[in-house]
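Following this line, the structures themselves.
Look at the two complexes coming up: chain A is in both, with chain B in one and chain C in the other.
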Partner chain A sequence: MHKGTTFEKLKIASFDFTCCEGCQLQLANRESTLTDFLDLLDIRNFREISSEQHNDYDIALIEGSISRPDEVERLQAIRRQAKTLVAFGTCACFGGVNSLKNRFSLNELAVEVYPGMEVETGLVKKISEVVKVDLSIPGCPVNKEEVERIVVSLVTGSQVTLPKYPVCIECKAQINTCLFDLGEICLGPITRAGCNAVCTTGKTPCLGCRGPAEEINMAAFLELVKERGLSENDLREKLAFYNAFEGLYQP
Partner chain B sequence: MIYKVISKAEFKRFIDALVRNNSSFGPRQVDSDFRGKALYQFLPVASFDDIALDYTATSSSAKHFFLPFREELSRFIFHDEDWEQQITYDANPIVLIGLRPCDISALNILDDVLLNGHYPSPYYLAKRKNTFVIGMDHLPLPDCFCKSMNHHIVSSGFNLFCSDIGEEYYLSINSSKAFNFLKEFDTRDPLDEENCRLAERRKLISNSFLTEIDVTGLPSILDIEFDSPVWEKWGNKCLNCGTCAMVCPSCYCYSVEESMETNLNGAVRQKKLYSCNLVDFAEVAGGHNFRPKNGDRLKYRYYHQHRGFAENDNQQICVGCNRCGRACLSDINPKNVINDLRMEKESCLTNVLSSPCRR
Partner chain C sequence: MKHDFALNIHHLPRVEGHADIKITVRNGKLVDARWAIVETPRFFEIMVKGMSAERVPFLTSRICGICSISHALASIRAIERAMSIEPPAAAEKTRLLAMQGETLQSHALHLFFLVAPDFTGTGSVLPMIHSHPDLVRAGLQLKELGNEISSVTTGRCTHPVSLVVGGVSKAPEKEQLLKLRAMILERKPALDTACSFFQSLAIPDFKRETEFISLFNGSSYPSIGGRLISTDGVNRDENDYLSMTNEYTRDYSTSKFTKLSRESSVAGALARFNNNYLLLHPKAKEMAASFGFQPVCHNPFMNNIAQLVESLHILEDAEELINSLLDMDLRNIKTTYTTKAGSATGAVEAPRGILYHHIETDAAGKVVKANCIIPTTQNNGNIHNDLWAITEQALREGKNDREIEKLCEMLVRSYDPCISCSVH
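== the complex of A and B ==
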């Protein structure tokens, strides 16, 4: 291969915290390019792919949110090693579904979920609340195609970008019926594109797993939901679902 | 142009044969909205019965048959000491049935911009040449304003145009291909009485418009109102979602992306339809954004649509289909925005004329 330069594999490690491990699983998805993809990586530490564990990685993918004191320590140790720390997936970027926990009292939850057991549990935090994040790849789960594109950019040293515009663009490109026309609330107009509008194409409203698009117009969005006489409860449930719009509206 | 008349029964046989033998697309109902109104899109059709001939308008235009939302422009292959670029303009022939006059006018505008300018697009040309366009007239929807834009009648840009004159269709045949297809079907020259019925049909259509937008002098009003508060008012409502440009038959903006393949042995250059309403449309290297405000971006969309750019001799490119208005979740539509601009201009005239009030 001659491209005027040679490329080095990324020394990468992947760690899971409070999550379902669905984003890590995506790394093994998309079989057509899987071997090419793995060829770009020198996997130093990744429980789901290999039992070998080394601690000389440059890039750390962090999956999941932080909800226990021991997780904080583990994460801080990873931060000390990693040159680039990536918040990988919605839980890591925004807290994710786990954040629903923060609406209840911790004691009540512990008793309900782990009756009769002693558990140490805290409020759910996104990764950036605990350590500095260098790169965020949102999505519940992450979109493997996008991950591949970003990995190729990292290997070749080109700029890593996410779409700045909202999901509606990708939804319209598939000639979908707008879910607002069907009387539903969809977070597409305020959510960052890049998932190829998979939910709305399947006629399910966007719940904003990829977080806010750049410079969203939240006021106009709240207004249009109101003007259409759609349920305020439904709206608030959707906005809170992944905790991705925290601070952008009055809950 | 050659004019013929065909009975509706024979028309059905003609379209059915055409559709069965070619990759064809026509209006189909995809959903009913929450009020029960039918929603249509141009989709693949395999027989005459698949086509919703009595459809109103499709939510998205037919633009993407010519300008796909995503299109590969070229492919690069790296080997040893060298690389090569592969470009293909292939387009499979298709039949597109049921376009409205405004839709065909929009294609003519795209032809102006993409074929008749300094840099004709071979990608567009391949698709345009390989698409057999059949137009159908219809009674306007309450919010159609193509008559105001003078696009409710179209006389070129199609292969065949069908006007509904009761028991028959009045056919305007605009290509030898269409003429040859029709040879095998029973058509005849229009009688005087049928010419009259065509004139009546056109008059009925013309008189049925409920929405009119006064576009006289609009380009100069747009110039005068460049700093108007109207832009801020509507800009404050705009979600920067780009929906308006995606569904619009005449918006043609795109972004170009180049990406390496995962095996690092090649790369692709892709084009994606874009919109001047998107937040980074006017962002340049280094991060500077020439249009940081919603209102500025919205203004440019109206500028291009209703004042025109030099690339097609400053012609308006809006054909008045109001797809953008129907699709905009924030209820931003050409009628309201343009009326506001007009009022703004008139009120500034009144302000100049009336004497200051005393208190």
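== the complex of A and C ==
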């Protein structure tokens, strides 16, 4: 894409917190475009793949949520350095599946999993609860194609945008049978697109990892579930799965 | 002897997750060596409580960004065994193929991105794009192939979409399978390139006798389910996972430790190789022979070669799995079931070794209790003990601080630890 144009590589770093590192791993996927993708980047710090670590980056990708005091300090130091701090993936953007822990007492869970040992753990927070976030890229995991597009936008200085419409639109474009018609609750009607409806195309209901689409009609969605006589427990379990619909329904 | 030093590698690079290596030497004598995992715990065993069994694989797959398919399938197997659900044959074959894809992807990531730079003297794979273009191309081809197998069988390469309790929600299309088979044939030469590279390397000469644990079924190289066996002669039922692991904690590590017949043991490619050598594809055995590699091998650095040998086995086995899927009716892929109360263990050979999920459900199909024991957890004790032994050997050989540091880093990397997974 950059033949005949000059550009400056992005001085980028990638850091992970409470997470599975699956989003960072996507950076090394889509192998056929990988060398072109890496040509756009000057990787200054990426512990998972490199022993070379420098702290003169401009862009910091943050994967994971925050659940321990040492993570807060580490994140604040990154914030002081980064010109653009990116919440990278669903855990960073919304807390992600880790937030399911917050339903339990911290003391009880530590005692049950680590009997006889002191383990430090706190309530799970999304990145924006700890530091200012400049850009959010949701997804569990992030969609590498979307990440490539965003990186190109950052290199060329054009505006970064995410689809405003819901997953439903992408799903219908693939001529899938609607999962609601098969008796399943699917969060496709209220979730932000950009994943190419990967789950529903695999005949699995959307669990909303990309968070709410813009201008969703939550009341109509809840009414639809009720009208079809679908399970309220199932609905709550799905809405709570990634903590991405916090505040939009009564848990 | 002048030797007095403290080695403190904070957040070891080129491994998955956060862990430190600490070595203290006084007057040339090793006084402390430790493998300290400092990763933040996520408490998956608690998160899963109260969740519907059908949703569990979607949650537990998030334990790991590299071996999400293994986690989904360990949960699915535990739940299906707990509820006496028999998935259709085509679903079982699809799952086996998915496991092969994931392991190939994981081995390629480890061998080319994480291990190779130790031998080329670069800090990462990035400079190797220019210094070793053929090797990097080969690595990317194999990794992409692994990811493609996972995508065709599970809907995408990380965090599978279509692996569900009862079978699979969507079967691979025959056209995709044909393409995949052609891709495997086309990419076999990439493994020759990798093999030549690893044959040219001086693998560190170190061994410490230990016990190797893996699954065993007697008829095929292990993947999903089977007996739990060890090179010390242990042979138990899959549900006896607790007596195979005997988990304990150490206050400096958020990842637990396990042991069986000795003070520590090993899971992973080398353990599978040592326990299941006879079940490898003949071509994989030939490759092993070209390295003079035979069971039972006690050199942990040979885990890298075991991964390479397994990669060849995977290419051959995946081709056979695709052939049998092409002959099957791919419409019958999911069994309907009624939830019931029960409990069982699901054991699978994740890329890094034997992975156990034990799940207990109530009559409504909600999870009452869960326990996950991760391959890296089962290697922590051995990594720790090897760090002592290798440092002592290096001191005897008169190695300097920097050489010892590099050797310790390489030792840990050879186990391919998956740290956030082990803390879960």
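Rule of thumb we're sticking to: the second predicted complex is superposed on the first by the 246 of 251 C-alpha atoms of A that agree within 3 Å, B and C clash if a C-alpha of one lies under 4 Å from a C-alpha of the other, contacts with A are read in each partner's own complex, and residues count from 1 in each chain.
As a working rule, a residue touches a chain if its C-beta (ideal position, glycine included) is under 8 Å from a C-beta of that chain, and two chains touch if they have at least 3 such contacts.
These figures come from a predicted structure and were not determined experimentally.
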{"item": "Combined model on chain A: chain C and chain B, fit or clash", "value": "fit"}
{"item": "Partner chain in contact with A:V152 - chain B first, chain C second, else both or neither", "value": "first"}
{"item": "First, second, both or neither for A:E237, with chain B first and chain C second", "value": "second"}
{"item": "Which superposed partner A:Q76 touches (first chain B, second chain C, both, neither)", "value": "neither"}
{"item": "Chain touching more of chain A, residue-wise (chain B, chain C)", "value": "C"}
{"item": "Following superposition on chain A: angle at chain A, chain B versus chain C, Cα, nearest 10°", "value": "110"}
{"item": "Touching partner for A:E215 - first (chain B), second (chain C), both, neither", "value": "first"}
{"item": "Chain B versus chain C as contact partner of A:N55, first or second or both or neither", "value": "neither"}
{"item": "Chain B versus chain C as contact partner of A:N29, first or second or both or neither", "value": "second"}
{"item": "CA minimum distance (chain B, chain C), superposed complexes, angstrom", "value": "11"}
{"item": "Chain B and chain C contact sites that coincide on chain A, given as residue numbers", "value": "none"}
{"item": "Residue ranges of chain B in contact with chain A within the complex", "value": "30-31, 33-34, 39, 41, 59-60, 64, 69-70, 78-82, 236-243, 246-247, 259-265, 273, 275, 278-280, 294, 327, 329-331"}
{"item": "Complex contacts: residues of chain C adjacent to chain A", "value": "11, 13-17, 40-43, 45-47, 49, 51-52, 55, 58-59, 62-66, 68, 109, 113-114, 117, 123-126, 129, 140-141, 143-144, 147, 154-159, 161-162, 164, 169-170, 249, 251, 254, 420-421"}
{"item": "Of chain A, residues touching chain B in the complex", "value": "1-3, 7, 33, 36-37, 39-40, 148-149, 151-152, 155-156, 158, 164-166, 168-169, 172-175, 177-178, 180-183, 188-190, 213-217, 219-221, 223-224, 227"}
{"item": "Contacting residues of chain A [partner chain C, same complex]", "value": "16-26, 28-29, 31-32, 34-35, 38, 43, 46-53, 67-68, 71, 96-98, 100-101, 104, 109, 112-119, 121, 140-141, 198-199, 201-204, 207, 233-234, 237, 241"}
